[in-house]
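Each of the next two complexes has subunit A plus one other chain: subunit B in the first, subunit C in the second.
So, the complex of A and B:
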């Protein structure tokens, strides 16, 4: 059995139905990204990761990494997997064609990333972070920086990192103390310690381009005094080739529960006098630059939620089809049946599949909205921008919380074998658990949604989006097989309205009331948005069925079933969340600290 | 900071309020188990595990086990921890005083097990399984078997195992093929392979007493042809001391995601002609014997759910009190605050604490019901028996599903540090994940509830229990601070009635309809039973507050707060489950196998 099969057919379906690909490729910027072109790319791309990366996934998990003073040694099989990736040129998917990228829209990149992540989540951190670093330099770097660094990063010969976290500064990045002192030649001396730096040191690329947050000597305190610096592992020679080693060192790597083959580094800058760095963007504007990148990174983590869940699901559905145990109820077969026939196993599978499609639709719609914001103008563009702002924390948090749940269910399908590492599904479970944490914990996302996104244009941006989503209720009118779904969707929007109104009103009087309900509110919104997109999926599948069913009758009918299952059986969870959203903060504080600590 | 603190005060509170200890110790059988006596025992017991076992937990996880042809080597620190445990005599807590046990009721044993498990979940498997084996021999062994084996097992000098699973026979134990051929001397020759045998081989005790399911030559097929055998690792000499090595061998151990220091063995019986075993109970009655033990084992796994969650919670609440990050909303403090002040973190903590108390109350009430069934007669006893039958699958499945969720939330509180093994919380997360699987997967429990337990006395047993539970609604009348809780509880019972009625009616026409909704139905019942016990907790705490508040005002008020939080903010989840319970099986089967496999 294959280690992983990129779900290319499902990715293409999402691209057609949630990805707005025809609208996006109607623009000048993305005119080369027609559906047909992308279809061809996806087929080749999926095959590559199935064949080249997937077989290295379990090896990376068991072999892990080796740290020494000289650096970090990655698993042996990764060298070849990475070399072939560079050779194939996949790194450039969504990157600037002026520097060698393919310039595909974000929606194409986002969907393609499922293959990268699903085939090897640990290794996929390397291209993922490099893409983030490239996007940041594309937007904020000087012409010279772009010319010197981007071409090699876009081929994947060099990689990139993001250096935000310090021991005392995690979610609270304003507490950073890394220093950057300007030099006469225009460079800066960087000193400080950064932690949790993924692929901060490794042996897969010729150079590593660190993007580092630090403070200049006169910078104001807090987040307004943070600047961004480019600090290469090897300083470049005149001709652009890597030369002298910079004063940045990986002093240790973390021993983690999952993504074992992704080095999580402690980087020490300036142990021997200071690393040489160059300012990216303007002084004290570092967080603005990081935020551009962070939206993309949060979307990417949402995709991880789906991709790892999908990889685990594949294993579960295969196992359920092979494992013989118990009789089939209502059948006269006497021998043991594959467990896939049992209603309870079937429920697990359908729940997983529905969740995977819903989260995929959400990140796909978000990525497409980003593309729309870039290819439209004026009010239109602003509307798409607002949508991106609102959906980003939801996609990051909801898709990863769901991802953990789905991966856990996949493990459960295996019974005792799921707990044995040999089954492979436990690796997905361990790998997945980081996604609700990094790029801003899911609690931070919930606070972002409630504290920063709901208030955009006094709440009007949110109201506009919800009004558009709610139109699905009209579109479903008269569609008989969706009648029960429609009723649940309508009820969900009512719950959402109640919850939103409560948060807006109470949050003004006491922000703690809004923050106390932020996490259940985000889930409520995630489920409702998921149902909206699943209903659209069902309508799109119906249309394709009516128009010749090129994707296959069973495939398309399956998409309607999962949409119905999601709306009828998963979406009702919204009913249970409003009480938690609207309960206020007081009950959380009435318990005294000592009493809280017991149990 | 301590590795683990047994929550003795909370355990004693549960014993007083959910554990019916006064009723139980009013019986002749348990007259020595008064609350005051148990209080003294718990204090000593908790201290022992905090001091002796807890420091070995992380060591066991990292050191793991070593297998060789000669056997399994456990972590170095376990030798001392086990020797001291035997010396202290804790193994005998609930076991027969005639053979050296302390003869405490199951409710005392169940609560005490939180210390054993919370301090070291992997090592706790050894006494847990030994207790199960002893109980089985107490009930089904011959007088001679009891006299020869029990005294050493009750001290913990020897241990016991349960051998059910074979590669082709997991949930479906009727597929077992291990053979037992009678010999002239009254013994049997056992041949076959058993897998997933916890502590099937190890170096902590002088002898290991395997209890093994096998088929005699003329046994009927399926579960009705299974007998139970006692197969010691070392055959006993005339004087009862371990002598010749029996023909049973550990051929390998599993590489698992968690409980690394608990050897999960493949045992091969009879590689050199046959292991010598003796029949326990009657031929072909093996499953009956196993079922006695299985109820206790399922209760014990429910306790694991709570215990591991509680251990993880302690780490989270400590971390939240120390980690400085972000400003306190609504405060004029400028410096970073401990994250415990943030509403979202507070929500996580209160949700965890409420869930832990609810699951603890449920296993406590179940264990106490078992004691009541043993100390009452006639209809009373039968009523308690029925309650045990009904609550057992719920306690096993709901407490472990909740346990996984709580442990995951505890990890989330740590942010990035939670994913680093050094934090210790990730070990709990990995250890916990086995609990929804073993002793019958939670799907099996749900099917047991719906297929075997609901139909007891044509549904009357279930109706009687629910009617008694529902009386809490009257008891809460007029209790102002519980008014919102009361409304939610009333609504939950209405949901439960609707769901139960649907299952009973539709399950008769087509069992697949009942089975399709079994898992959400079990959760619905678990939440409702949890709320019932949490409401009782609140009333009990109010009473203690009125009667002098010996346990401390803040402690008792905290118990009311968690009860309210559970009823007001967690219990509403029941609203979301009825649609899934009552949707029938058809939607699960309308999707075709190939379409199901994609994604």
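So, the complex of A and C:
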């Protein structure tokens, strides 16, 4: 079975269409990131991950991790994969050039992350979290903190972690109790226990920089009393090199369904008197700082949904071309045919491909919106910002829900072999299953969408975005091959309007009504936004076909077919979702909790 | 120390193009990449220049349509500059025609202490160009190098043989062909890729090199491709159940092949 192949052609198409790279690189800040430059970078970047990381993926899954008092040992093959990654300098992609980064736009980083994740989802957690930690320090750290920590983190010689969750504080981070007591020298003593800390301990980098949420002694209760601290595994010497071990210890690692080679750690701070930490930003402002990182992290998890689905799809499509079963209906060939000729298998593959392209378009457009908000000013910038706020929970939740579904379908294409570990496709399914859960469950994302994002500017931000999306209906007018798609898109916008209006009206009267329909509403919006971007994809492909088809005629025609399939055959699902959005919360409570449990 | 490396840009073997039924040659109007067998020579050249503590690596390539895709990879690995010969007159060149062009391009690349090539390309496999270049330039030729060291005016090579290797040496400059797999080619770094964008590629035509167009391409080819045919499909292998005597069957099979 062929190994992972970074879908570079698809990534580049997304970059120049939904990714708006020409607009972004027209700005001073990103003038170095022209399409041609990124194309050259992606070719080498993709090859690196295909050849260096992908071969370690199954090895990491089967070998797993080893915990001991001294620390966590990662799979043998990861050492070389990580060393080469650091040597090549990929960690710096979107990070601050003042500290050694390459300063590329978020859209380039987001698309490049598909190679990182698709080639090895477990290992990709390490650079992903490090990037998050760097961005946090870039925004909130003091000049001294940035100078001491960022250069080594941006090379990947040191890594970073995010310490939010505690046993009693999961989605509700306000319940956290880790304590931080100020010392005379300006540092803080940190004591407490954090759980689910990805790459909280490992042997791939010479230092680990933990960013830890904790409470100072007189902090107010709840989320308003949380501060953020920098706690290195090894305290730095005067010259900046790692020295004495800090009082933070990995006391165990979790045994998980997937991403076996990503250590999920329980970290204990202060078993021997207190770990030394330094405040990042201001006291009690920790959650604000964390939120800047969280938007980026949610986008990144959305990309995981697409990347893992895409890796699974590659395996499925290869298998379907090789596996001989059944005769081809309507053919005079007597022998068994590759299953790819059977209509039902075709349906599975086309559905997967369409979904993958739609989710890729959505995260790409979201990342590009982030870049646009940074490179424009005034109302323009604010408009892009609002778009980022609205699309973030949708990208996180919809792309990962779809990702699980697509990865499951990939397994289905394999038939019985899909359930056998040897096929390799089941690893993708196990790895994928975490994505709807972490970084804010998809239920939390749906609540965020209806509770915080719909009401932005009294609902006007949302209305502006939908009005712009709806313009696609006009743009499709007269495009014959898209006529059926256009009709479905128009119908979907009508459904969306009905659902949005209902949520806005009923949500104010009784928030339970909005929350009860939040998840189907998010899916409805995800499908509609996906269709909007797929229709734009079709129009862009038509234009490229008319202009000489540099990307290849077959490739571009395929883009139109997947767009049509998505709009004509997947999008109509929205009609089944509106009733669930608009039925209110009552029925959910008609059976009381005890009756739900009694069987 | 200055090293010239001859590199070929070929259609991606993972996504192989078709043969053109008219010319009976590989279609080369697709995107071309660095021939993997040349990446070892590039790596070795970069290491030699590093060891010498100075000098640079220059690439020489002949390719249609001003193609630089493969050159950019080698430049991103660390080569300093390139000479690219691209000319419609070169279509259909045989090995000797190619060698004539490369020999002139190497001269244009400037003074070199060493010229490195692969032993053969991954698309044409003639395996004769390195020796022809040496002959045309009047230089010593050493083939199948597994390691190279340059001291003073001498190049010392461990030359791979069926039994092991021979130690051979020659005065510099010399043409040395490098066996695939003997070093681990570095991956281009992000900064290297960015820097490669602005490294000079000197693109020249046959006339620029002072070559008569009738000596190269179809016109100058001393060979003709009469026919091309698809390789026979591989037959299914034989599966032998191991009943505890499997080793004997392996021994018998190898004996039948007369390899033991």
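Everything that follows uses one rule, which is that the second predicted complex is superposed on the first by the 596 of 599 C-alpha atoms of A that agree within 3 Å, B and C clash if a C-alpha of one lies under 4 Å from a C-alpha of the other, contacts with A are read in each partner's own complex, and residues count from 1 in each chain.
Assume contacts are C-beta pairs under 8 Å (C-beta built on N, C-alpha and C of every residue); 3 or more make two chains touch, one makes a residue touch a chain.
Since the structure is predicted, the reported quantities are computational estimates derived from the model, not experimental observations.
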Inset, instruction - Look at A:558 in the shared chain and tell me whether it touches subunit B only, subunit C only, both, or neither; answer first, second, both or neither. - result: first
Inset, instruction - Give one of first, second, both or neither to describe whether A:329 is in contact with subunit B, with subunit C, with both, or with none. - result: first
Legend entry - Partner chain(s) touched by A:479 [first = subunit B, second = subunit C, both, neither]: neither
Inset, instruction - Applying the touch criterion given at the start, work out whether A:419 contacts subunit B, subunit C, both or neither, answering first, second, both or neither. - result: first
Legend entry - Larger contact residue set on subunit A - subunit B or subunit C: B
Inset, instruction - Could you look at A:37 and tell me whether it touches subunit B, subunit C, both or neither (first, second, both, neither)? - result: second
Inset, instruction - Scan A:88 for contacts with subunit B and subunit C and give back first, second, both or neither. - result: second
Inset, instruction - Check the residue A:430 against both partner chains and state whether it touches subunit B (first), subunit C (second), both, or neither. - result: first
Legend entry - Complex contact set, residues of subunit B against subunit A: 7, 9-10, 165, 168, 170-172, 175, 196, 254-258, 264, 310, 313-314, 317-318, 321, 324-326, 329-330, 336, 340, 342-350, 353, 356-357, 404, 408, 411-412, 415-416, 418-422, 426, 429-430, 433-434, 436-438, 441-443, 446-447, 488, 510-512, 515-516, 518-519, 552, 554-555, 557-558, 561-562, 564-565, 568-570, 572-580, 583, 585, 587-599
Legend entry - Sites on subunit A touched by subunit C in the complex: 5, 32, 37, 40-41, 43-45, 47-48, 51-52, 84, 87-90, 92-93, 102
Legend entry - Complex interface listing, subunit C residues touching subunit A: 14, 69, 72-73, 76, 186-191, 193-194, 196-197
